[in-house]
Amino acid sequence: MRTAIRRLGQAFRALALITLPALGGSGWAQSAPDLGAAIDDLVAANRILYRQGVVDGFGHISIRHPEREDRFLMSASLAPGRVGKADIMEFDLEGKPVDQRGRSIYSERFIHSEIYKARPDVNAVLHSHSPTVIPFSVSQVPLRPILNSAGFLAPNVPVFEMRRVAGSGSLLVTDSMRGKALAETLGDRPVALMRGHGNVVVGPTVQRVVARAIYTEVNARLLIQAITLGGPLVYIDAEEGRAGEGNRDRNEAGHGTDRIWQLWIEEAMGANVGTNMGTAEPKR
Amino acid sequence: MRTAIRRLGQAFRALALITLPALGGSGWAQSAPDLGAAIDDLVAANRILYRQGVVDGFGHISIRHPEREDRFLMSASLAPGRVGKADIMEFDLEGKPVDQRGRSIYSERFIHSEIYKARPDVNAVLHSHSPTVIPFSVSQVPLRPILNSAGFLAPNVPVFEMRRVAGSGSLLVTDSMRGKALAETLGDRPVALMRGHGNVVVGPTVQRVVARAIYTEVNARLLIQAITLGGPLVYIDAEEGRAGEGNRDRNEAGHGTDRIWQLWIEEAMGANVGTNMGTAEPKR
Amino acid sequence: MRTAIRRLGQAFRALALITLPALGGSGWAQSAPDLGAAIDDLVAANRILYRQGVVDGFGHISIRHPEREDRFLMSASLAPGRVGKADIMEFDLEGKPVDQRGRSIYSERFIHSEIYKARPDVNAVLHSHSPTVIPFSVSQVPLRPILNSAGFLAPNVPVFEMRRVAGSGSLLVTDSMRGKALAETLGDRPVALMRGHGNVVVGPTVQRVVARAIYTEVNARLLIQAITLGGPLVYIDAEEGRAGEGNRDRNEAGHGTDRIWQLWIEEAMGANVGTNMGTAEPKR
Amino acid sequence: MRTAIRRLGQAFRALALITLPALGGSGWAQSAPDLGAAIDDLVAANRILYRQGVVDGFGHISIRHPEREDRFLMSASLAPGRVGKADIMEFDLEGKPVDQRGRSIYSERFIHSEIYKARPDVNAVLHSHSPTVIPFSVSQVPLRPILNSAGFLAPNVPVFEMRRVAGSGSLLVTDSMRGKALAETLGDRPVALMRGHGNVVVGPTVQRVVARAIYTEVNARLLIQAITLGGPLVYIDAEEGRAGEGNRDRNEAGHGTDRIWQLWIEEAMGANVGTNMGTAEPKR
């Protein structure tokens, strides 16, 4: 386990050295991470999201292929908590698997393929049944950020309604037409809710998408509590949202994603975080 | 532990090969699983429901006997988390144990016997004190589905009121008369609440009943949060509910129960799900 | 650990053989358990209540001495999760320790001494900061049972207000005068809330008190959710409450406390309940 | 692990012997703890707050240097659950690190430096994103104590609004000007909320600050539930608050912080608290 954590750490450090200067750019082109490191991070992301309660048996996260912007990488159809390196497959932007070898694939892969088409700035896509966004997805009350870490939700979050696309019937995004409609609802924003179903979260790196997914869920829970108190609320405004995202883009002020990514990996790997009193050497 | 998981997996695969083509039919007649595999799944179901917080020290789940539609299998009277293979007993449809050997039996076994009589389509029955359905059971507000995975609750869930059956007094279903009244309230639906007590959940297989029980609890929790937001809500309508159930019946679109059953078994067995980074071989 | 569980099981079985026929009588006189078994159960009760979230660092549970109705047994002043056999001390009904040997004692021991004086039917007393009763303790809304397992709360629960006893100032019951006032508020009921502080729970055995404490907390949580739904609610009425308590008194219908006590002990001892698939022999 | 717990216990006992008689005085001058013991307690505090859910990947706690009132000690920039002894650094009251050696430092260290300047009575400062205070921080409803253990919040808690200090933009306290404004909002009180961000908690010792942080979070959660019930509430008044704090200052009535600090350390170290039945010797 320690070896795996160190290896992940190395993969991440490599990723950081290569990519951080160029976060915010379009595609990977200026800063593509190493393929092996990218797959390690994708597997870690699956585990972290499971451990943090954002995904359960359903949900899937993908990354744009570091070497080909017309491909993406995602696990075969498995519960995210069980995804391993050997489960990662390659898909094209029609959602077609490149080398299927008889493996089951996610029926909602079109969420990923259509967003990678529509959004050159996006390199990671997550679809989850994040529980606490569901109440907002079925309500008239908009999901808005009250928490600094969720400022990327400013000013509010669009809701995708399948009935406008495909009449009544299945809520699953099981073809390109539905995927394209979802991408249109998402527009240029980082998160869209899917009525009665869950959400989609996108971003320039898999670490940012994982953080956005977790803080969207936290913000939803705290907003319900704030609404319970009654009366007017103060929301994170667009400028505050941009300031927070700027910090994260530049990994400044210690409020980038790397500090908490290390913690999340350790929690996901089942390490009893916090139980050792520390060694003689300072941590990285 | 790994051996047990593999054995359960084999039992489940056998079950899948035999039963899946005929899910939705009546009784087991076309697709009866092997008795040993059926008992393994029943024990796993007890453990999963305990681990998922649907049952605590109380509650019980049964399956119709794979070889005799006038019998059912259920544990001796134990907390579900402690049930093992040797605890499974056989009962007839009057709730009488076939080979009691001095073991304690659940006083509310009549919930099971009367439903198996009334519902030839049902092969598994769960009675639980699922906590978040209690508020709905004592309120005028109906439990309705807002979550896709709970579409089987559409359009709403009936509530069994013991006072209409037996005056005031004990809320326990401790004889055939009370069991029959509960079966009448349930009608042809998958779930009924029991006022101030819990619920009953039924289905064509034990996996479907476990999934329905878990998602009923999740939906109840999310619906309370949605109601907290105030204002009109969008519910899963009957057509959307049928589409979801159709997917699950045909185990299509990767949204059948088998993907998450594997995860639930691993969680219930205490495996630290998610902590290993995966092997060289892809998972089944 | 297994040895400890078996020993506790034996202690409990001994207790059951001796006491169950006479539950509901006054004092232990007809059915006093063995002193060693009684201490084992008291230690287990501390651990169970900690594990179930009813007590945290504060709170204490006592039993009337099996051999002397004018004495009671309680731990030295420790967090309940840390209490062991060697920490149990003896007190008289003025709250005076019999053999203190320099150990710290709970300042609120007068809750116990005064209730044992006032209530000959009571053989176990718990004071806890059970979290979800606090909102009811500071509100005009009465805590009433909506859950069958909490029927003992019918028709409602009195609230002790220290300001009527001792002006403003400390909320702690640190002398006989305050303890007597609390006992008067409790009257002949099983539970009283203490405004802004917690509750006191009493009963004929330590197992009944532990169950009452846990289900009071569960009921409080579910009642808040039911009130959130809005509209009229159906409460457990006095007759339903008596029927439930009668079942528990006679340990009938499998709804006595012993089935769940075994589970609670195993959970408290840190056993991974539910993870083994069972042995060849049926459980007791 | 046991050795570490014993060592921490010894450090704490040393701390207690030296400091307890003088709690409530200003600065450490009369009762400075040993530097090594102080660092041990600071590391433990980080772990406890992480384990108790008050901090996650963000948040930081410091203590005034036991030997120099114009210095404070705090970890390098790490998630609190990962902080070890070797990570503790020294800062002056301009927030400047004394011996940085290339380590990352918290950008919001000015919260600590400015409060140590303004508050000679304070020897420990925590900044956290304590989740349940966020709803109060964005609402018009004041956070007030309803729980005895949170009486230090009486009569209510001020809210720091960054927009009044620095226009819109980043909510982070990243310089002395912002830190000074926060200290002014805090005034002479133990807790201030930071709108949309979290809170700051101060006190005479690190144990008091940890306890205040935990009970602030608990109180917030219970207050939301009480408000859900509707109607008038009874709050802990100023006199009750002072009585509780007096008990804690004098570590009287068994309601000081030491009893629960031992439990919190054991929980944070990952010990399975409660699972052993106790040894032959009574605990300290």
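Order of writing sets the chain letters: A, B, C and D. Residues in each chain are counted from 1.
The definition used in the following text is that contacts are C-beta pairs under 8 Å (C-beta built on N, C-alpha and C of every residue); 3 or more make two chains touch, one makes a residue touch a chain.
All of these numbers come straight from a predicted model, not from anything done at the bench.
*Asks:* Chains in contact with subunit A and with subunit B: which ones?
*Replies:* Where subunit A and subunit B might share a partner, there is none at all.
*Asks:* Same or different: at the subunit A/subunit D interface, is the fraction of residue numbers used by both copies above or below half?
*Replies:* Interface between subunit A and subunit D is built from largely different residues.
*Asks:* Please report how many Å separate the Cα centroid of subunit A from that of subunit D, as a whole number.
*Replies:* A distance of 32 Å separates the two centres.
*Asks:* How many angstrom between the C-alpha centroids of subunit D and subunit B?
*Replies:* That gives a centre separation of 46 Å.
*Asks:* Averaging only over C-alpha atoms, locate the centres of subunit A and subunit C and give their separation in whole Å.
*Replies:* So the centroids are 46 Å from each other.
*Asks:* By the touch rule stated above, which residues of subunit D touch at least two different other chains?
*Replies:* In subunit D, 228 touch at least two other chains.
*Asks:* Show me the residue ranges of subunit B that touch subunit C in the complex, using the header's touch definition.
*Replies:* Touching subunit C: residues 1, 4, 8, 40, 43, 46-47, 50-51, 56-58, 76-79, 81-87, 103-107, 129, 131-132, 134-136, 138-141, 161, 168-172, 174, 195-197, 224, 227-228, 268-270 of subunit B.
*Asks:* Under the definition above, what is the set of subunit B residues touching subunit A in their complex?
*Replies:* Going by the criterion above, the answer is residues 146-149, 218, 221-223, 225-226, 228-237, 239-240, 243-244, 247, 252-255, 259-260, 262-264, 266, 272-283.
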